[in-house]
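What follows is chain A paired twice: with chain B in the first complex and chain C in the second.
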Partner chain A sequence: MSDAPFKNPGWAGNTGEFDLTEDEVRGDDFVGSRPSGGGHPSVSATYPYMLAEKNPDTPLFEGAYKERFEKILTRYPTKQAALLPALALAQEIRGYVSPQSMDRVAELLELSSAYVRGVTTFYTMYNKAPVGRHLVQVCTNISCNLCGAEDVLAAFLRYTDTELGEMSEDGNFTVIEAECLAACGFPTCVQINSRYYENVTPAEVPKIIERLKAGAAGGDV
Partner chain B sequence: MADTPNTVSLTIDGHEVTVPKGTTLLEAAKTIGEDVPHYCYHPGLSAPAMCRLCLVEVEGAPKPMPSCVTTAADGQVVHTQSDLALSRRRGVLEFYLVNHPLDCPICDQSGECKLQDYVHQEGRDHGRSREPKRVFGRDDFGGDVLFYGDRCVMCTRCVRFMTEMEQDSRLTVVERGNRSVIDTFFEEGLEGTNWSGNIVDICPVGALVSKDFLHKARAWDLEHTPSICPSCSQGCNISLHTRDNLVQRLKPRENMEVNGWWMCDHGRANYEWMNHGQRLEAPLVRTEDAVRAMGWKEAVGALLDRAETTSGSVKAVVSPFASNEDLAAVRSLVDALGGGSMVYRMARADAEVPMDGFPILARRRDLAPNGRGAEIMGASRVGDDDGVGGLDDVAGHDGVVIVLGDPLVDQDASFGQSASLFAYLGMHGSPATGAADFSLPITNFAEQEGTFTNHEGRVQRFWPGLRGPGAAQPAWFVLGAFQAARSGDPAPRSAADAFAALAASEPALAGMTYDDLGARGAVLNETVSVPGG
Partner chain C sequence: MAYPYVSDREVRVLSKNFGDPSARRLDTYVERGGYSALKKAFELGPDGVVDVVKASGLRGRGGAGFPTGVKWSFMPKDSNKPHYLLCNADESEPGTFKDRELIRWDPHQLIEGVLIGAYAIRAEHAYIYCRGEFFETTQVLARALEEAYEKGYVGKDIQGSGVDIDITVHLGAGAYICGEETGLMNSLEGQRGQPRIKPPFPAAVGAFGMPSTINNVETLAAIPHIVAHGGEWYRQWGTEKSPGTKLFCVSGHVNKPGNYELPLGFPLMDLIEDVCGGMRDGKALKAVIPGGSSVPILNAAECAACSLDYEGVVEAGSMLGCASVIVMDENTDIVKQVRRMVQFYAHESCGQCTPCREGTAWMTKILQRIEDGRGTEDDLQTLLDMGVQMTGTTICVLSDSAAAPVESSILKFKDEYLALIRRGERVGAA
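What follows is the complex of A and B.
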């Protein structure tokens, strides 16, 4: 990682101030994994929804995660402001934001537990209960719906043998509905963990499931 | 234009109004008696302008403005009742009824519900929503608070009260959109909070209700009597809500110099004793062979006869729950009988319980309303922090013993046995009052008019909300009649008379009258140091 002084890399392209390489920002792998240290402070908190190893009993913010938590704190003027990334980190560690995680985050950020619960439940990208290794979010908003999203959703439920929002017995899948994933040009869009699957039809669902199962032990697919 | 740089003049509904700079339109409208509908705004809390119900038309503004956060400006022309304002508010109200259940017949808030009032005032005559309403059911928050999620209008007054006033952010909005609901951190609840009863008061609808008051009385059956909370020396202004000659609940009454809009949970819950039965109902007088119930005339006559023949100094025990008028009547009786000492006993809590968001308000350590008044009347404090003990020299006194209000529960039957005259003016009998030559039934503070002096020396009036039991009379009335019969002066005919006599004789209260005190009270002329207070 670069020791260069902090500059905001921005997200809208290289403005000339961007002196971090993509590797430095994202780590060596493609989207979906990141260096355990979280990368540069400017981005350590900003990755969208992630799933790492799911172990609800992992201690929060220890070892490398403690470093990352502290790195996140440096980005904000107040501790309260670090609440969203802190919760995202807790979710990355444990797979979901449990009441115990909320309590711990509240304690670390000097907030009330009730307030943290309010924030956590407001945002749909925090899982309030354990989810499967692969979180399948099927967009059922207007564009996708017009192109058969309901059938895609039904196919995912059938082939994973789960109810909506429930975890499959083997712990591999949780299927939920999502509101617009901002991929209206490619309906039906399905987000599985942090990857988008576009133009999905019900016929393709078994293939996707098989591929996910094959890679289930090896992280994101 | 403004009269001074610190005020602004504007027109509201055709009336010229001049208000201090920074006043909101909602508050400015109040000055002409126009109460703009609102939920989220409360004068004691921050205003998030999220209920959207206080919309008014401001000429020149591109759209209706929320009057709770729009500050008055010079030359503004505001219409609170124009077609535009009314139609916008009617639309907002219709949205409130999309999910609010129409369970008014079984809702405790019915009759004092702001949604009921506003819809009746300016809402549609029927709703157009045909969708099923969302259902949450109810949740016991602990303490005295029960939450009916379906009725909640999401004004977040309760959340802001807990954050800003109690400064213990136990409440929050959980979830989003039409699933949002007020809750605590899972099962944490409101246990251990000291002021959470206030969220029931400020809830504009029936979402937060008191468990103690649940299904006990309808709001329109209650009579409201302005009073003073007797549970500590803070002297919070309250209303006694009574029905069937019983206090059903206590509610705080606004007084910015004492308690704002608030009162503590301890005081709120401590009212059952006012309804307590087993009262002394008729004067009991010990004659040669027996204790006999008498009418007042006969009893006062007998007391006069006995007073002529008694000897020895006077020792009086008074109660810090007695009004200033009652205490003054005892003091003048003590003086008339040759002088002596007055003592009182008062329970004391381990610590004050402050309200962090309103620093002048706290539950004080002294757990009685008028210890300060007793001090001013010359009584000194005895006994321990439980309000017992300290009466050893009174119990065996061989002169005159007078007891006002203190039920002597810690004393045994030997109390006052050797007194030459033992007069007990109280509400309840106890083993220790058995030796009394005169047991005279008096009213408690809820049954009579009077004044208390709070910890900072503020003299505040209270009014009678209940009828006293049987022949019970205020102590100032009984002792006033006795004194009048003795001296030939006219007896006080009202509590105001008794207070006027007190103000004339006591420099600390000089110049005060009931009219001046009004419903807000006034501070003593001089400070009196209260030992340990």
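What follows is the complex of A and C.
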């Protein structure tokens, strides 16, 4: 995946003396490709990717998604416990959790729609409205903030030509602020769809955006 | 090997495989002696394992520092209900970034720790609750767990022992409060992640209403080493009350931020000056938050005498928390950083308790007002009064955590607040 040299490939590599490739640091070489049916049931709940290509009209829980959903149900003593994984699956294919998706999940898990709405709105990772192909989340919490996170956020807004939380006109980007992403020693940390980009400085922002536009970071991210 | 930075003062027990991608594979892990502690645990029996962990003095690494062996011994021994072990991988405390590294560099170390923990508390199912943002990290764990299932280290009749333990990896969805133990349980059950009133305690009524124990990733990752080598072995590092090694997450204005595994009791100034290569750009030290954003801030004078163990940091005027050391240089705008932290708590408050819900929101507004040069001297007293009302009055300690940086910074850096209030002057504003 990573052949062209890229100063900030999204890992802690360029701060220290790593001589590993980006894939090795991220673990991509070990993880391999993602089984669409969810793999072993013990980990079926762990593949709610943020896909770049989102389709709000995709039917929910059919085909491979049905397989994953059913595997997930086997791992908990109650049906309700599958709620968070089910919402994540809905978001994966549709890009956000619409009221219709909530109703469908409620029906499948035998819960009331109001209950599912109450849970969905509690969690920040469920997008309540459509977002761009690349959801850019810039951590501005303390450790990143001390090292210039606000400038990184400003650079993302400038180079995507968007306002905070608004989708860019071409539908490519939505930029939001994030709370601590647990990568505080590698500031500024930015999560773009499913991936972490670490040690991001304002100077690198245009390069990251170009890379995303060119699709160099893989179709999934 | 040079995981971004290493120091020769480190004792790399849990972190020895950081920066080594081959350690993710089960074969490599086993070649290096992995899963032998699990075998030994089965020989010791559940109570034997609890005794070893008690003897080691290991204290929970999730923030509270409660002795792990003692916590395990609270679990009923003859209950016919299912028992659950929950591994807390929700890592969201600002300044903390160790659990993600432990999972993505050495997933089998955690899986082995989870298995031993589950065995010790007689659980047949363990859940690893990872924060939702950890897609990449969780995938590494997922692949490792699949390998462990394939090779018979997890599941039915583990390695012919007759012991059955299942592990399921679960993802959260972005809520700091799900790191609180009972918030995590509610979230796992498919509810809003709001903490529960205690008692009942999790060992009696936990996840799905059943006896449960919850442990942090780093706590469980230490277990295989302790079981393999014994409790006394672990005590060769650290102090009498804080034994062992601990991962220190250093962030902020140092030359070499990162994770360093050091014996507990390590001097804070040695960590900054020696291990982390000193302050960035040769600036002077102004303040340190030694345990993640939830603990009181220390000024430079307090840092000088601070030894990094649970008791030592309390003596210096703060708490060790999860050993997330946030370092700030002379140019740091303390008021702004405190406002940013409190804003975080306001965002993450689950809203059940009035002092927390209202307190965090109002503190943010008042701090913002001061920051914008529109504050009054009375505001400082108001903030301190609010801090008192927010401490010890709520279901969980998120409220206390929000008050801690405000109170401590007003007491220790009052000049900066006053300069902003009186003259609109920021300290070190870049």
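What we mean here is this: the second predicted complex is superposed on the first by the 178 of 221 C-alpha atoms of A that agree within 3 Å, B and C clash if a C-alpha of one lies under 4 Å from a C-alpha of the other, contacts with A are read in each partner's own complex, and residues count from 1 in each chain.
Rule of thumb we're sticking to: a contact is a pair of C-beta atoms (placed from the backbone, for glycine too) under 8 Å apart; a residue touches a chain by one contact, two chains touch by 3 or more.
All values reported here derive from a predicted model rather than from experimental measurement.
Participant: So in the superposed three-chain picture, is A:Phe122 touching just chain B, just chain C, both, or none of them (first/second/both/neither)?
Facilitator: In the superposition, A:Phe122 contacts both chain B and chain C.
Participant: With both complexes superposed on chain A, which partner does A:Asp103 reach: first (chain B), second (chain C), both or neither?
Facilitator: first
Participant: Considering only the touch criterion stated at the top, classify A:Thr58 as touching first (chain B), second (chain C), both, or neither.
Facilitator: A:Thr58 sits against neither chain B nor chain C.
Participant: See if chain A has more residues touched by chain B or by chain C, and give me that chain.
Facilitator: C
Participant: On the A-aligned overlay, A:Ser113 touches which partner chain: chain B = first, chain C = second, or both, or neither?
Facilitator: It touches chain B, and chain C stays clear.
Participant: Return first, second, both or neither, reflecting whether A:Pro187 touches chain B, chain C, both chains, or no partner chain.
Facilitator: Touch status of A:Pro187: second partner only.
Participant: Return first, second, both or neither, reflecting whether A:Ser168 touches chain B, chain C, both chains, or no partner chain.
Facilitator: The answer is neither, since A:Ser168 touches no partner chain.
Participant: Residue overlap on chain A between the chain B contact set and the chain C contact set?
Facilitator: 111, 118, 122
Participant: Once bound in the complex, which stretches of chain A touch chain C?
Facilitator: Going by the criterion above, the answer is residues 12-13, 15-18, 20, 24-27, 29-32, 34, 39-43, 45-50, 75-78, 80-85, 87-88, 109, 111, 118-119, 122-126, 140-143, 145-147, 178-187, 191, 194-196.
Participant: Show me the residue ranges of chain B that touch chain A in the complex, using the header's touch definition.
Facilitator: Result: residues 168-176, 183-186, 188 of chain B touch chain A.
Participant: Please give the residue numbers of chain C that touch chain A in the complex, ascending.
Facilitator: 2-5, 19, 21, 24-25, 82, 91-97, 99-100, 104, 130-143, 145-146, 149, 154, 166-176, 187-193, 208, 249-253, 256-259, 289, 293, 324, 326, 328, 332, 337, 340-341, 344, 347-348, 350
Participant: In the complex formed with chain B, which residues of chain A make contact?
Facilitator: Interface residues on chain A, with respect to chain B: 99, 102-103, 111-118, 121-122.
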